[in-house]
Each structure stands twice: as structure tokens, then as C-alpha cells.
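Notes for the one structure printed next.
Per-chain residue numbering starts at 1, and chain names A, B and C are given in the order in which the chains are listed.
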Amino acid sequence: MDTYEPIIGLEIHVELKTKSGMFCGCPADHFGKKPNTGTCPVCLGLPGALPVPNKKAVEWTIMLGLALGSTIAEVSKFDRKHYFYPDLPKGYQISQYDQPLCRGGMVPTSFGDVRIHRVHLEEDTGKLQHATVDGKRVTLVDFNRSGVPLVEIVTEADIRSAEQAKEFLKKLHQIVRYLGISDADMEKGSMRLEPNISLRKIGEKGLPPYKVEVKNINSFRFAERAINYELERHARMLDEGKIPLQETRGWDEAKNATVSQRTKEEAADYRYFPEPDIPPMRFTQQMITNIQSTIPELPDAKLTRFTKDFGLNNQDASLLIESQELADYFEEAVKVATGRTNFSPKDIANWIINRKPDIDAVMPAKFIESMREAKEVVAVSDKDLFAVIDKVLAENAKAVADYKAGKQQSAMFLMGLVRRQLPKSDTKLILDTLRKSLDST
Amino acid sequence: MNSDLSIRDIAKKLRSKEFSSYDLTRECYDLIEKVEPKIHAFITLVDKKDALARARKIDEHMTQSPLAGIPYVMKDAYLTRGVRTTAASKILDDFIAPYSATVHKKLEDAGAILIGKMNMDAWGHGASTENTDYGPSKNPWDLTRSAGGSGGGPAAAVAARLSVFGIGEDTGGSIRNPAAWNNITAMKVTYGRVSRYGAIAYASSLDTVGPTAKTAEDCAFVLEAIAGHDPYDATSSKQPVPNYTKELEKSIKGKRIAFPTEFYGEALDPEINAAITKAREVFVSLGATVTDVSLPMLEYGVPVYYILAPSETSSNLGRYDGVRYGYGRNLFTKENKRRIMTGTYALSSGYYDAYYKKALKVRSLFIEEYQKLLVNYDAILSPVTPIMPSKFGELLNDPMKNMMADLYTVIVNIVGLPALSLPCGFGKGGLPIGMQLVGSMFSESSLFSLGHAYQKVTDWHMQLPQVLK
Amino acid sequence: MKATLAKTKKNTSSPILTTADIDHIAKLANVPVSKEQAIELTEQVGETVEYVSKLGALPTENVVETAQVTGLENVLREDEIDTTRMFTQEEALKNAKRTYNGFFMVDAVLEEK
């Protein structure tokens, strides 16, 4: 393994959460719906139907490109990509070939930068399900997903380890979520990962003479495992002097392994040509600036700001910016606390990280209130606490004896009695003080 | 025979109750019963009871629309909700359209009465309506000859007065060629003038939807009803729709007509040449100027068309996989397969640049050539077909000759221009001859006025075919 | 594909295409072609291709392609749901030859796409 270097590129498909489809007005939300209940002439590929592109989907793709540092095309267009499969209603997919909406870009990772090759917009296919009907193996087709806007992000083969791939994917996922353009839910398939994996002898230049594409990965963890599985498999083969087959493999969760799906005997011939049903798109600097202005603060910028402005360490800040919602919650809490309490942003950050409040249920103001109450009780005088404890111990000799005999629950019983007389008290503090008293008697 | 009247007259008489839509519609059905067995223009005849019931309803609530209560037919390339739609292919033999094409919807809204879905070359592939899975249509002027194509059915039906007007679809001449061979008038519209939504695509960048009728004026009435922007067709134009029937009356004095000399060479049948040369004189007598010009790229039109159209059709026919509707791909005809295979080859890896891309570049050259010319001219006077109506089998068995039949029509589609095809004489055996007036983008109005002026002083278009005699 | 065609081209008398090419194109086009048809198509498609190759004579180095003639740009729709065109499940499946439990049904496709 030490003699080789992993060469990994990623293709990521993200379903946009627009209201309507890429080229028709059917609902884009297809998850959990009854089969074939969300279709129209366009997404069902009926004769005579014509596509009209969704403006929001185009804008969101540009937005993602801008967030990734891509160059936005001045002129872009859609193309037809031809192949036959039962989930593809028209015999072609409307996609983008030589003039994608976005080119270039970069996502930094702790292992090094990962360059973006391109970002383009296309339509999703229907969904297949395999079944046995009347003793015959059949495939069932549902076209609800057909025509849902799908963004494809392709990286350069800059990734050198499964860990780096995972970090990149997490960052991309986070950016997409921050932009609010997709649920990016891998379980539901609204974010799909396809690594292209190969190994190169250390010291060699250029791309290896083969690559293996792995599909059917629905979590970051599986992406990492699948890549590592492939890297080991390739290394074994290369050691034996063989070159791994150029093919598509699928991740088999049960086997914890990749399995061969389809051998690419020759490169597919998709016969791309410009989609004649859709006029080209041209973007002015003004249009792009307008889209740029709708991009929120992105995770990396927020992280820097949180460490700088709030004095948080990198680890805490990272935890807080995991989602835009949590980061906003923290900032709102800091705002509420300022001037009304002595809590520092660091106190609040710790409290949020440790207490993990339900941010949908507990408003930041309420959270600060509860934090204040908790801290106030702790501040209640030791004198009062000792007085109550002494009284309780004196009145419950049996429980004290039981505790001495090793019965730990007795301490809990005694704490309950103390707390009954100091209702707002901090249980941890009581228990600690109680134990000290018990142990010292 | 009231179906022989103009749309203007019918509209007037329906309102003065000289006859009703019910009478007119029934008359069409009676004539169909007599004539249709001879010419075979229909694939699907709308149920007489349904059509008459609709006519009755229109009679009771007559609207403003000049097309209200008027029976019409459509090439079977349009989806008509609830009515079988086949594109003349067995693949769609039992396909009941679950939605309506925009053009159908507009005509329904105008109160017109659909009576039939008409024969054509399957998927539009042909110029003779022989390449149909439902038996060829016969020319009402000579039953041993083809009705032209691909829209032979609607043209033959209008020629035989089985319907007042028809809706055709023109990708490389499919409206104009049958119009010329059947002695009727038809408008191939500017690309984008009429919505293609619900029109079964042959070659998307060339397909247009247009009217076929007896006169330029009738075509103007129909185009007024069907033209306009459609949010369901991204290539449809937002240009306002002129009042064609009003502008039609404009004088053509001083109009400049170009006469491209290359078009009148050896490839052209001498009878057609002679007829159009006479028509040239008529235009001069009406006050227009006709000038010899040169359009040297003529010979490259057919090659560009036979790259673009097969390529796009190979893509457009991909959806017919028998999964959601229709039957399997084994039912494509020989001609369908020829075009699908040619197109697939032209788009395939390693050949795209030499064929499809090259054709798109030559298309730019054509646009330049025509734009340059049409800056100085209101119309180009051109033949429609190089040959007289063909005998059965003549084109079907000779793919090369079949291609050349499109010589004068395809460039118009490649550039996207409008063209009015209209009768201009008869040859040996009383076979009709047509000519076309080609204008710049969105100049339909001007073409109508030229055609209307010509038809006011000629009577070719008023002649009835043999089959009615 | 170019390689495939070029290779097979050498072993044949046809100037443009071989039946092997036709078989390959037929596979791409998903069109069933019988042996006899393949022979006929080889000749006819070859003839058409040869004829249209005539365009090669026109110089077009600096010419921009025209994919469509409308001159339109940025024809986009607002992101709104349009229920007027939507089908019920029954309508969607109505023209299908084989359905099952609300799905379209086809012979099993084994490979994952």
C-alpha cells in the first residue's frame, strides 16, 4: 500500500428542493408519495410534451457554483444525453454537456485543497424497483422523481484518502444545507455520492490507466468504507501485476464490500447535442451579482468569525457551525445574554454544547433564562446547603447507615429529601456536597 | 356544397342562419362517406354523433370567433385529448391522448369542430404518405398518384372538401408539398409563431404547426386563431399576432419579389417551371416587381436537412419504448429505421463534428444568405416540389429521389422562415401545380397579402378535384 | 465508436459503412434490425451519409453553429406548481400495456444503471 497513492475524484448529485420540477410544474417533492401520482406530459415523456426550465433551479445552481468559487458561464445551454433505460422516459436525459453553468472552484480540506471541475444542472430519472410478479422477475417503474432538478458536482481527482473524501463531502453537504437549496438527505437519496477510485505508483505522474466508479452509497461512513475497500482491492491486484477492471461497482452494505455492477466494455456513446426545445441562457454580471447577494455567510467564514469575535476555540466553533440553525441559535443567545447577564459567549457555547437544547422547542431567550436560573442556584450559599444536609442526615439515620454499608441508592434518596427543601437547587452540587458530608461523618 | 365556401362566407351564413353548423358538419360526414373510401385521407374519423352534438351546441351558443361551428381536420401528429393519436405508426395504434396540443385547445376554444385525425407518413418521415402503417392516401386529382407528404391526409381532405380546413405540420415541406399536389393553399409559419406543445416531434428545431385551406384568406383566419406565445413551449415567440385577415387586403403594389434563377434549372419539372413563370407575370401585372436573384446554396439544403432531421428524430423517437404507452420499437417502418439509423450515426462519438455540428454551421450560412436577400425583398418566389405528384412506389422505393423531392422546401425550415404555398396551374392530366412565397421571419402577413392578391385574379385554387366530379 | 467503425471499415467493399457498423448503430438506437434489413440499411444509410458528406466541401472554420433559429434567450419559468397538467395515477397508467400496483412494469433489468 505504501508504494501507491490514491487518486480519487467525486461525482455528487444533489436534488434541489424547488417547489416544482426542472422542466414542468409537477411537485419536486416526491418522497413517500404513491407511485406515479405526480406526473404530467413532460416528466412522463409523452409525445408532444416540451420542457421549460425552472428559473429557481438555474439560479440555485449558479448560487452553489459561486459558493464553491466556480466561474459562472456567460452563455450556457442544455443538451440531450441519450441512453435507453426504463427509468428514463424520453430516451434521453436533459443535461448539460460542453457549456455547464459553472466551471472550476475549490473546497479546502485539512488534507489539502479539492478543486471543482464543473457544476451542472440536469433532470432526475424515475425510480426502479425490482419485484416478482406471478413468479416472474420484473422491474416496476415510478416516474414521480422523473424531472426533479438535479445538480451534478464533479471534482478533479485531487483527493488522496478516504478521510479526505469524507471531509470534503461533509463540507459540501454543509454548504448545500447552508444555501438552503437541498435537503441533501442521503438516506432519501437527495444527495448521492459516486467516488471514482484508482491507485498510482508513488512518483508517477498523470492519471492511472483505469478507474472504478462506486455507486449506491448513502452515507459518509459508507463512502469512506467503500473507498478504503477499493483502495485495498486495487493494491492487492496491482501487487500481483494486474490492472483493476474499469467498471462500475456498487456498495453492498450487508457484505461490507463493493460488488461489480457493469463492465464498461467501451465508453458509453451518449450522442449529446444541444437541446433544440430550450433556447440558450446568457448571464450578465448584474444577474450574477444579484444571486451572489443572496448567499448567506458560509461555514468557513462563520467558523473564522466565531473564533475571532467570540473567542471560541476551533473545536467548539466547529460544533456550533455544524448547521446554520445551531449557529444562529448561538448568536441569538449571545445577543439575548449581552447586558442582561454576565455570561460570556464562551459560557453560552459550552452550555449549548453540553446541554444540547432542542433548538426548535426552546427559544434562545428561554434557554438563557434557564441557564441563569441554574447558575443562580449554584450560587446559593453553602451555609444554607450545609444546614439542610445536616438536618436531613440527622433525621434519616437508617439511610445514612445503609449508605455506609455500601448502598449507593441511599445517597440518591437523601438528595431527594434535601432537594425537596431547596427546590431550585442544582442536583449535581447537592449530591457532591452530600457525599462529602456522608464520607466525613 | 357548403364546405366549398370560404371561412368568411361560412361564418356569415352561420350567423344569418342560412345553414347551421349541424348542417355543415353533417354535410362533411356525408361527403366523407362517399369520397373517403376512394382517397383514404383519414386514420381516425371522429365519431359522427360526437361531432354533430358539438355542432348543435355551437349553434345554440354562437360565439364571436370566425371559426365557431366550422369542421376541421388535423394531421395525426397532434395530441387530441380523448381521441386516438397515432402519428400513422402502429406503435401508437391504440394510444388515446391524455392531453391536448395547444393548437387543438385553441381551435376547440374557438368553437371549431374536429372531425378527423389524418393520414401521414409515419412520424412525418416522407413526402408521399406512402410510408404510413394505415395505407397510403390517394391524390383526389388522380387516384393513381400520391397525395404528397408527409401531411397527405389533411391536404387531400381539404382538396376534396371533406373538411373546411386542416392543421398540418411542416418540418421539411410536409404542409407545402401536399398543398401543391392537392391544389390547396397552406402556410408554413415562422418557427416559433405557433406553439409546438402537443405536436408529435419529428425534428424539434425544424417542426412548425400551420394551416391548410382553400385560400390564403382562409389560412389567415386559422392562423389568427392558433398563433401566439405559449408558456408550455419555450421556443414560441412573444411577438404580437397581427390581424392577418385585415392586413391581407393591403395592396401589393411596389412589393419586391425575388426570383432565384438557380431554382429554375434542370432539376425542376418543365411544367412547374412554366406555371410559375406565368405566375411571375401575374405578380408584375398586380404592381409588384419581380427580379432575378441568385441563391447559390440551394444544393446544400437537402444535405443539411438530412443530417439535422434524422439526428433530431433519432432522439425524439427514443421515448417510444412501449413502457408508458404504445408498442415496441420493432414496429418502426423501414423509412423510420433509415432515418433513426442515419441520425444515430451522425450524432455518434467521432462523427458529431463532421455531421451534426457541420450542418448547424451551414445552417448559419443559410440564415446569412437568406437574411441578406430578404433585406431587399418582400418574398422569394420558389417552386414547392421539383416534380409533379408521384406515382405510388416512385418515391417509396428510391430514398435518393425521396430526398430530392424536398429540394425547395427544406431550406425554409432550416432558416425558420414562413412560406405560403398556393396553386398556380395544372399540368398534363390535370395535375395541380403549386408555388411558394417565402418571406423573412414573422412576415406571414405580407405573404398572405401577396397570396390573396394573386388569388383574387386567378382561379386555380377554386378548381375541384376529379374525385368530386 | 470511431475506432470501431474505422477498424471494420477496412474489411469491406462498402465505401462508408459495414453491416457491423449498422449492428452497432442499431444497438445504440435501440432499434431491432434483422440480418436482411442490416444489409439493406448498410447500403441506404451509407448512401445518405455519403450524400450529406457533400457539406464537407463548404468552408465553415469561423462559422458559429445555429442550434435553433428563434434568437430567444433565458426562457425560464417561475418555480410554481402547475396542477392543471398533472395526471392521476389512473390517467398516467392508462395507456400502458403492463402495470402493477400503480407502477409501470417491464421485464426485469438486472444491472443497476
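A few remarks follow.
Keep in mind that, in the parts below, a residue touches a chain if its C-beta (ideal position, glycine included) is under 8 Å from a C-beta of that chain, and two chains touch if they have at least 3 such contacts.
Only a predicted model underlies this, so the values are computations on that prediction, with no experimental measurement involved.
The chain with its Cα centroid farthest from the Cα centroid of chain B is A.
Remark: the per-chain Cα centre closest to the mean position of all protein Cα atoms belongs to C. Averaged Cα coordinates give chain A a centre that lies 55 Å from the centre of chain B. Between chain A and chain C the centroid-to-centroid distance comes to 38 Å (mean Cα coordinates, whole Å).
Chain C has its Cα centroid 26 Å from the Cα centroid of chain B.
For chain A, residues that reach two or more other chains under the stated contact definition are 41, 44, 52-53, 82, 84, 86, 91, 141, 143, 269, 271, 273-274, 276, 278-279.
Residue positions 95, 98-99, 205, 231, 234-235, 314, 318, 321, 323-325, 344, 348-349, 360 of chain B are each in touch with at least two other chains. Multi-chain contact residues of chain C, defined as those touching 2 or more other chains: 1, 28, 30, 65, 67-68, 70, 72, 75, 77, 85, 87, 92, 104, 106. Residues 18-20, 24-27, 34-42, 44, 52-58, 77, 82, 84-87, 91, 125, 128-131, 133, 136-143, 215-216, 248, 250, 261-262, 266, 269, 271, 273-274, 276, 278-282 of chain A touch chain C in their complex.
The touching residues of chain C, when paired with chain A in their complex, are 1, 4, 28, 30, 65, 67-68, 70, 72-83, 85-89, 92-93, 100-109, 111-113.
Chain B contributes residues 94-96, 98-99, 191-192, 205, 231, 234-235, 237, 299-300, 302-304, 306-307, 310, 314, 318, 321-327, 329-330, 332, 334, 337-338, 340-342, 344-346, 348-351, 354-355, 357-365, 367, 399-400, 403, 415-416, 441 to its touches with chain C in the complex. Listed in rising order, the residues of chain C touching chain B in the complex are 1-3, 5, 17, 21-22, 25-26, 28-33, 37, 40-41, 44-45, 47-49, 51-56, 58, 60, 63-70, 72, 75, 77, 85, 87, 91-92, 94-97, 104, 106.
For chain A in complex with chain B, the touching residues are 41, 44-53, 80, 82, 84, 86, 89-92, 141, 143, 267, 269, 271-274, 276-279.
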